[in-house]
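Pasting the structures here.
Both complexes shown next keep subunit A, but they swap its partner, so subunit B is in the first and subunit C is in the second.
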Partner chain A sequence: MAERLAFTAKISLGLAMSGIIYAMFLVVPQYVGLGEAGRIIIVHVPTAWVTSAAFALSAVFSIVYLRTRSALHDASAVAAAEIGTLFCIFATVTGSIFAEVVWGTFWNWDPRETSILVLLLVYAAYFALRSSVDDIARKRRLAAVYNIFACVTMPFLLFVAPRVADSTLHPNCAFLQGSKCEGISLDLNGAKIGQLGDVVVELKSVETTGELTQARVEVRMPGLTQNAELTPSLDASGKPADRPEFPGQSFRMVLIEANPQAGTVRVNMQAPGTGLLSNQRTLWVFLASNLTFGFLALWLYRIRATILHVSALVETQEAH
Partner chain B sequence: MSNKLLWRATKAVFVREMRSELRSRQALNAVALFAVCSIVAVSLGLGPLNRSAELPLIHAALLWIVLLFAAFTALSRVFVVEEEQRTAAALRLAAPPHAVYLGKLLFNLVLLSALTVLIALLAIVLLRMQVKAPSIFAVMLAAGALGLVSGTTLIAAIIARSSSRSALFAVLSFPLLIPMLVTAVRGTALALAGMGWDRCLAPVQTLLAYAVALFITSLFLFATVWED
Partner chain C sequence: MQVLLDAGVAIYIAMAVALVVWLGVFWYLMRIDAEAKELKRLVLAMREHAQPPTPRVTIEQQTTNKQ
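Here is the complex of A and B:
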C-alpha cells in the first residue's frame, strides 16, 4: 500500500514538473519590459525558497543532533545541506542568467546575490570541515557546531545587505533605497519637486491626450550632466502604460495615479519585473511551481537521507 | 560553578597565555612582521593615490583586508598550539570549558588590538590614510576587532581538532565574517571621510550586535567543541 502510494506520488511529481515547464513557456504571458526572460522567475524564485528552507532544516537537525547525539540526525543535517547546496546553485545560475539578459550584468553585488553567495561559501566550508576530520564522532560534533554558528550570522546579512550595493535591481520595493513603496506625490500648483532615492524629480505638466494620461517629469540625478525628461503615462483604465527608464539605469519611472484637472500625480521608481505576479495566469503557475519544487526537494532529500542514514549506521558500527 | 571561580579560572588561562606569549613572542613577531609586509606591499603596489571622493572607501577596504588576513594568521594559534604541544588534555583537566574559552578570547582580543593599532598607524604613515574623525575611527576599529575576535575564536577551537588546520581556518571563518567585514569597511570609510555620529552610529551598533550574538552562541557551543 505504502509502496503504491510512493509510486503514485513519484509519477504525479514528474507530471507536475512537466506541467510547470510547459506552463512556463506556453501559459505564462510575456511581461512588458522583460520579454521572454521574465519566464525564468518560475524556476528561479522557487529554487531560492527551497534553498533557504533546506538550510534552515539542516541547522535544526544540527541542533537536534547536539541534543540527542544520534548519527541519524547528523545524516539528516548533511542531506538537507546537500539538497540546499544543489538548489542554491540552481538559484544562483538562473538568477545570473536573468540578470545578464535583463539588467546587462551577470553579477551586481546586489544584496540577495551577496547573501546567496555567502550561503554557498558557508556550506562549501561545512563540507570541507567534514572531510578534514577523521574521527567520526568528532566530525559530526564539529560540523553541527559550525552549522549552528553559521546560522547565527545569517540575520546580519539582512542588516548588511542594503549597505553593500547602493541599489538593488531585485524587484522589491523594501530593498530600494530611499524609495517608498507608495511613491511620491507631486503637485503642479504646490510641491512639484520631490526626491526618489537620490534622484530629484520635478513635475512639468500632466495632460490627457486620447486614451493616455501623460506626465512630463524632469529628472536630475548624480552623475548626469544634463537634466533628462521622462514621460510616464497611464492608460484609460488607470494602469501604467509607458514606463520610461531612468537614464543610465535599469530602473523605470512609473506613473501610479494622475489627475490632470488638479495637476497632481504620484510617481515611483520600479525595478524591471515589479508587478510581474499581478497577472493571474503567472501567479497560479508561480504558486504551483513553488509547490512542485518544494515536493521535488523533499523527494530528493528523502532519497539522500535514506542513503546517508544507512551509511551512518555502518560507520558507527565499524567505529565500535 | 560560581561566577567567582569561573572568573578566577578565566584569569588564570589568560595570564598563562600572556606569559607564554611574552616568553616566546612567537605570535607577536610573526604577525607584526606579516602586518608590516602586507601594508608595505599594498603601499608599494598602489603608490600615492590622488584625493578623490572614493579614497576613504579604498583606504578602509585595504585596511580591513590587511587586518582580516593578519587575524587569519594570528587568531587560530591559541588552540592550534595546544594540540601541537599536546597540552590540550592537561588544560581540559585544569580548567572548566567556559574559562578556557573566555581566557583565550581575551588573549585573542589583546593580540588583535595590538595588531589593529599597529596596522592603523602603518596605514596612516605609509598609505597616507587621512583620518578626519579620529575618535569615531577608533571606536569603529574597536567594534570591528570585537566582532572579528568573537567570530573566529570558536572556529579556531574547531579547526585545531581537524587535520588541515591553517587552510581551514580562513575557509570556515570568511563566510561568517562577511557581514561584519562589509559593515566595518563602510563604517570606517565614513569615519575616514569625517562623517559624524549620526551616520556612523548604525555601523557601530551592527558590529556590536554581531559581536554579542556570536559571543553568546560561542559560549553555548564551546563545551561541545572542547569535549574529548
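Here is the complex of A and C:
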C-alpha cells in the first residue's frame, strides 16, 4: 500500500513539473522590460527557497547527530546539504541568465550574486572538510559542528546581506516591500551625489513645470564615455510619471519623492520585474512551482539519503 | 532552421526542450530511486545473515559414583 502511494506521488510530481514547465512558457505573461526573461522567476525563486530549506534541514540532522552519534543522521545531514548545494547552483545559474538578459552581463558582482557565491563556498568548505579527515567519527563530529555554523550564515547571506546593501539591482521589491526598495535621497544643498548599483547619480535640479515635478539627474556609469542626464518625474498625484532608462541598460530611474522648495528628491533604480507577482496567472504558477520544487527536493533528498545510509551501513559493518 | 527561431515558434521549441530534459531527468530519478531501495534491501538482508551467532554454552552435569 505504502509503495503504491509513493509511486503515485512520484508520478504526480512528474506530471506537476511538466505542468509547471508548460505554464512557465505558455501561461505566464511577458513583462515590460523583461520580455521572455521574466518567466525565469518560476524556476529561480523556488530553487533559492528550496536551498534555504535544505540547508536548514541539514543543520537539524547535524544537531541530532551530535546528540545521538548515529551514522544515519550524519548521512541525512550530508544528503540535505548536497541537495541544498545543487539547488543553490540552479538558483545561481538561472539568476545569472536573468542578469545577462536584464543587466547585460552574466556576472556583475551585485550584492545578491556575491552573497550566493559566498554561500556556495561556505558549503563547498563543508564537503572539503568531510573529505579531508580520515578518522570517520572525528570527520562526522567536525562536519556536524561546521554545518551548524554554516547554516547560521545562510539566512544572513540569502536574505539579509542583499537587502542591507545600498546598491543591488536584484528586484527585491517583486516580493517584499521595504528593504532597499526605498531608494536614495539627494539634496541640492547637501549630499547631491549618491550611488545606485554601480551608477553614480548627481542631482542637478528639481522643479515643477505644469503638473509635473521633474528632477534632472546626471548619471555616470562604468563603460559610459560621456555622462548622461536623466529626467524622471512625478505627476500631480505624486506618482512616478517618466521613468527614463539608464543608458544601455534595461532598468529605469524612478523618482519616488520630490520637494522642489527644499531641493530634495528620492530616486531609485527600478529593476524590471518589480511587481511581477501582481499578475494572478504568474502568482498561481509561482506558488505551484514552489510546492513542486519543494517535493522534487524532498524526493532527491530521499534517494541520496538512501544511498548514503547504505554506505554508512556497509562502513559500520566493515568496522566491526 | 530559421523558422525555429521565430518569436512565435521559439517559445514552443524552448518549452519542448525543457519538457524533454525534465522527462529524461524524471525517468533517471525513477530508476535510481528503485535501484537505491533494492540496494538497501539487499544490504539489510546481508547484515541480518552476517550477524555473529549467539554464543551457546552446553552445561553437562557429571555425576561421579563414589563407591
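Definition applied: the second predicted complex is superposed on the first by the 212 of 320 C-alpha atoms of A that agree within 3 Å, B and C clash if a C-alpha of one lies under 4 Å from a C-alpha of the other, contacts with A are read in each partner's own complex, and residues count from 1 in each chain.
To be clear about the criterion, a contact is a pair of C-beta atoms (placed from the backbone, for glycine too) under 8 Å apart; a residue touches a chain by one contact, two chains touch by 3 or more.
Note that the structure is predicted; figures quoted are calculated from it, not measured.
Touch criterion not met for A:136: it reaches neither subunit B nor subunit C.
Residue contacts after overlaying the shared chain place A:153 against subunit B, while subunit C stays out of touching range. By the document's definition of touching, of the two partners only subunit B reaches A:118; subunit C does not.
In the superposed model, B is the one of subunit B and subunit C that contacts more residues of subunit A. Contact with subunit C, but none with subunit B, is seen for A:26 once the two complexes are overlaid on the shared chain. In the superposition on chain A, A:18 contacts subunit C only, with no contact to subunit B. By the touch criterion defined above, A:300 lies against subunit C but remains apart from subunit B after alignment on the C-alpha atoms of chain A. In the overlay built on the shared chain, the residue A:313 is in contact with subunit C alone; subunit B does not reach it. By the touch criterion defined above, A:53 lies against neither subunit B nor subunit C after alignment on the C-alpha atoms of chain A.
In the superposition on chain A, none of the residues of subunit A is touched both by subunit B in one structure and by subunit C in the other. Across the complex, subunit B is touched by residues 66, 114, 118, 121-122, 124-125, 128-129, 132-134, 138, 141-142, 144-146, 148-150, 152-153, 156-157, 159-160, 163-164 of subunit A. Residue ranges of subunit B in contact with subunit A, taken from their complex: 151, 154-155, 158-159, 161-164, 168, 171-172, 174-176, 178-180, 182-183, 186, 203, 206, 209-210, 213-214, 217-218, 221, 224-225, 227. Taken in their complex, subunit A has these residues touching subunit C: 10, 14, 17-18, 21-22, 24-26, 36, 299-300, 302-303, 306-307, 309-310, 313-314, 317.
Those residues of subunit C that touch subunit A in the complex are listed here as 11-12, 14-15, 18-19, 22-23, 26, 29-30, 32-33, 36-37, 39-40, 43-44, 47, 50.
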